[in-house]
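My structure is below; once you've seen it, I'll send some questions.
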Amino acid sequence: MARQSIEPSRDPADYAFAHRLRTRFAETDAMGVIHHAAYLAYLEEARVAYLRAIGHPYDEVRAADPGGDTGSSGADSGNGRDFAVLEASVQYRKPLRFDDEVEVALVIGAIKGTTFQIAYLLTVDGEVRATAVTVHGCVDSRGRASRLPSWVGEAFAS
Amino acid sequence: MARQSIEPSRDPADYAFAHRLRTRFAETDAMGVIHHAAYLAYLEEARVAYLRAIGHPYDEVRAADPGGDTGSSGADSGNGRDFAVLEASVQYRKPLRFDDEVEVALVIGAIKGTTFQIAYLLTVDGEVRATAVTVHGCVDSRGRASRLPSWVGEAFAS
Amino acid sequence: MARQSIEPSRDPADYAFAHRLRTRFAETDAMGVIHHAAYLAYLEEARVAYLRAIGHPYDEVRAADPGGDTGSSGADSGNGRDFAVLEASVQYRKPLRFDDEVEVALVIGAIKGTTFQIAYLLTVDGEVRATAVTVHGCVDSRGRASRLPSWVGEAFAS
Amino acid sequence: MARQSIEPSRDPADYAFAHRLRTRFAETDAMGVIHHAAYLAYLEEARVAYLRAIGHPYDEVRAADPGGDTGSSGADSGNGRDFAVLEASVQYRKPLRFDDEVEVALVIGAIKGTTFQIAYLLTVDGEVRATAVTVHGCVDSRGRASRLPSWVGEAFAS
C-alpha cells in the first residue's frame, strides 16, 4: 500500500494553488473550535477547486473524462475514475474558529504508478493552522486500481 | 408534492418502534449542544434500524428487494429502491448534549400512492427533546417515482 | 413554542438576500445526490453571510454585540446572544448534486417577541431545488430566552 | 510538536478495548462507500466509549474530573480538561459500506509529558478495513497545555 512519503512545507511559496473558504458554525464543536474531522472536507474542497482550475473538473473526471484520455482503448474506456483517498494525515497546529477565512494551499507530489500524494498548508491571515498530506489512488467505477489519466502527470508537473 | 400532514405525538405509547443511540462529540457545536443538523442523521439511523427490525434491511431494499416484489416484471424488476426524503421538519424543544443517550421513537403514517410519512419523538430519560416528521417517496435507481414495495403497507400497518 | 407560520415563496424576487455556495463531495451520499441533512448547513451558511452583509457578523453577535445594544443595562449586558434554531423544515423538490453552485435566497419574517422566522429558496441556474423555513429564538449565553438585539427589527425590516 | 511515533498493529490481540458501531447512510458518499472523513468520528466515538468503560466518562473529564485530581491545587483546579487532537492519520485499506458493523479496537501508547497517542484497528467480520493513529494533548478550558490527569497513566497502563 502507498504510504505518505512527502512532508508538507510551512512556506506558502512551496505550493502550486490556493483555495479560500470560510469555516461554518456547523463545523464547530463544544470546545468552541472547528472539529478536527472538518479539516478533511476542507482538503477535499481545495482538491476539487484545483482540478476545476486546471481544466479537469472532478465531476467530469468521475463521469467519463473524455478530454483526458482520447487515445484510450482499454477495458475502462468511456468510464470515469475516482481519486480514492488511501491515506490522510493532518497536523493541527493552532485551532481554526468559526467564521475564519482559511487559505488551503496544496501541491501534488510523489506520482507513482496509480497513486499520487498531495501536501497542504492551511493558514488564516498568513498564520499556519494546520498541515496535511493525502495519498490517492486512481480507481475505476468498480473501485479497481486504474492508471492515472494522461493529463495528470502534465498538469501536476506544471 | 407530498406535504407533511401528520402531527408527532409527545406520548411514547403512540409510537411503533424505538431506537437508542448516543450523541457524538463531533455532533456538538460552539453553543455546547448538539448541532441541529445532526438530528436528521438520528432520524435516519432510527429508520434504518426499524427496517432491519421488521426484516427489510435498507441495504437490501436499495440493492434489489427480492423478498418484496417477487411478482414484479416491470421495467425496474431486479432494481433496488430508495426511500427518498421529500420533506423533513424538526421541532427542537430542549437541547441534546454530548453523550446523551437518546431514544428515537417512530411510527409510520399517511401512506399515499408512492409516498409515506414518519413521525418521531426524541427523548432522554423520558424527557422530550424534539419531535419530527419526514415525508418519503419511493424512487427507483434512476430517481423516478416508483410504487411502494408490497411489504410496506403490511409492515407499516402492523 | 413558536411554530412555523410563513410559507416560502418560489419567486426569487420575494427574497432580501442571496448567498452562493458550492456543494461538496463530502456532502453527497450513496444515492449520488447531496444528502438531505447537508441542506441545514447551507441554510446556516446563508444566515451567517446575511448577518455579515448587514453589518452584524454572527461571531460578534455571539461574543458581545456591543454595537447593537448600547443602551442595555440588563443582567445580560456585555454578554453575547445566540439565535438558537427552534424549528427547521425543508422541502426537497429536486436533488442537488456534487459541484452544483447553489443560490440560497432568504428573507426574514414573523418577528414575534424573542423569536423570528426565515424563509429560504434554493436554486441552481434559476431552477428551484428546495424551499425551507427556520424558526429562531434569541437566547443568552446560558440558553435562556433573551430579547432580540435592537438592530434586528430595523435590519430585518429594511 | 508531538508527532505520531507508534505504528498500528493489524492484530486485534494487540488492542486493549474494542467498540462496535454501525455506519450510517448519511456517512456514505457518491462513490457508494463511507466517506473518508467519517472515520475520524468513528475513532472519536471509540475513544469516548473507552473512557466510559474505564470509569472516566469524557463529559466528566471535560466538566471537572473531581475523581481524577483530588490533590490538585493549581490555577486550573476545579476546571475540566480536553484531550485536544494534535494529529490524526488514517490508512484506508478497504472501503467501509453502508450498514457495516465496524469494530474499532484501540490501545494507548507513547504517553509523554502532556501528550499521548492512540492506535486503532477497524475491522468488519474480522477483516481489516483501516488503521489509524491520533495524537492528543491535554489542555485546560482555555486551550493551554495542561498535565495529564493522574488516572491517565494508571488507566492506560493497565
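By written order: A, B, C and D. Residues from 1 in each chain.
One rule holds in what follows: contacts are C-beta pairs under 8 Å (C-beta built on N, C-alpha and C of every residue); 3 or more make two chains touch, one makes a residue touch a chain.
Everything quoted here is computed from the prediction, not taken from an experiment.
Student: Taking CA centroids for every chain, report which one is farthest away from chain A.
Tutor: It is B.
Student: Return the chain pair with more inter-chain C-beta contacts, choosing between A-D and C-D.
Tutor: A-D
Student: Measuring from the mean C-alpha position of chain B to the mean C-alpha position of chain D, what distance in angstrom results?
Tutor: 30
Student: Using CA atom averages as chain centres, what separation in Å is found between chain A and chain D?
Tutor: Computed from C-alpha means, the inter-chain centre distance equals 25 Å.
Student: Just give me the whole-number Å value for how far the CA centre of chain C lies from that of chain D.
Tutor: From the centre of chain C to the centre of chain D is 34 Å.
Student: Indicate the residues of chain A shared as contacts by at least two other chains.
Tutor: Each of 25-26, 30, 33, 37, 40-41, 44, 62, 98 in chain A touches at least two other chains.
Student: Which residues of chain B touch chain D once you look at their complex with the stated criterion?
Tutor: Residues in contact with chain D: 22, 24-26, 40-41, 44-45, 48, 57-59, 62, 97-99.
Student: In the complex formed with chain D, which residues of chain C make contact?
Tutor: Counting only chain C, the residues touching chain D are 25-26, 28-30, 32-33, 35, 37, 98.
Student: Give the list of chain A residues in touch with chain D in this complex.
Tutor: 1, 3-4, 30-31, 33, 36-38, 40-41, 44, 62, 82, 84-93, 95, 143
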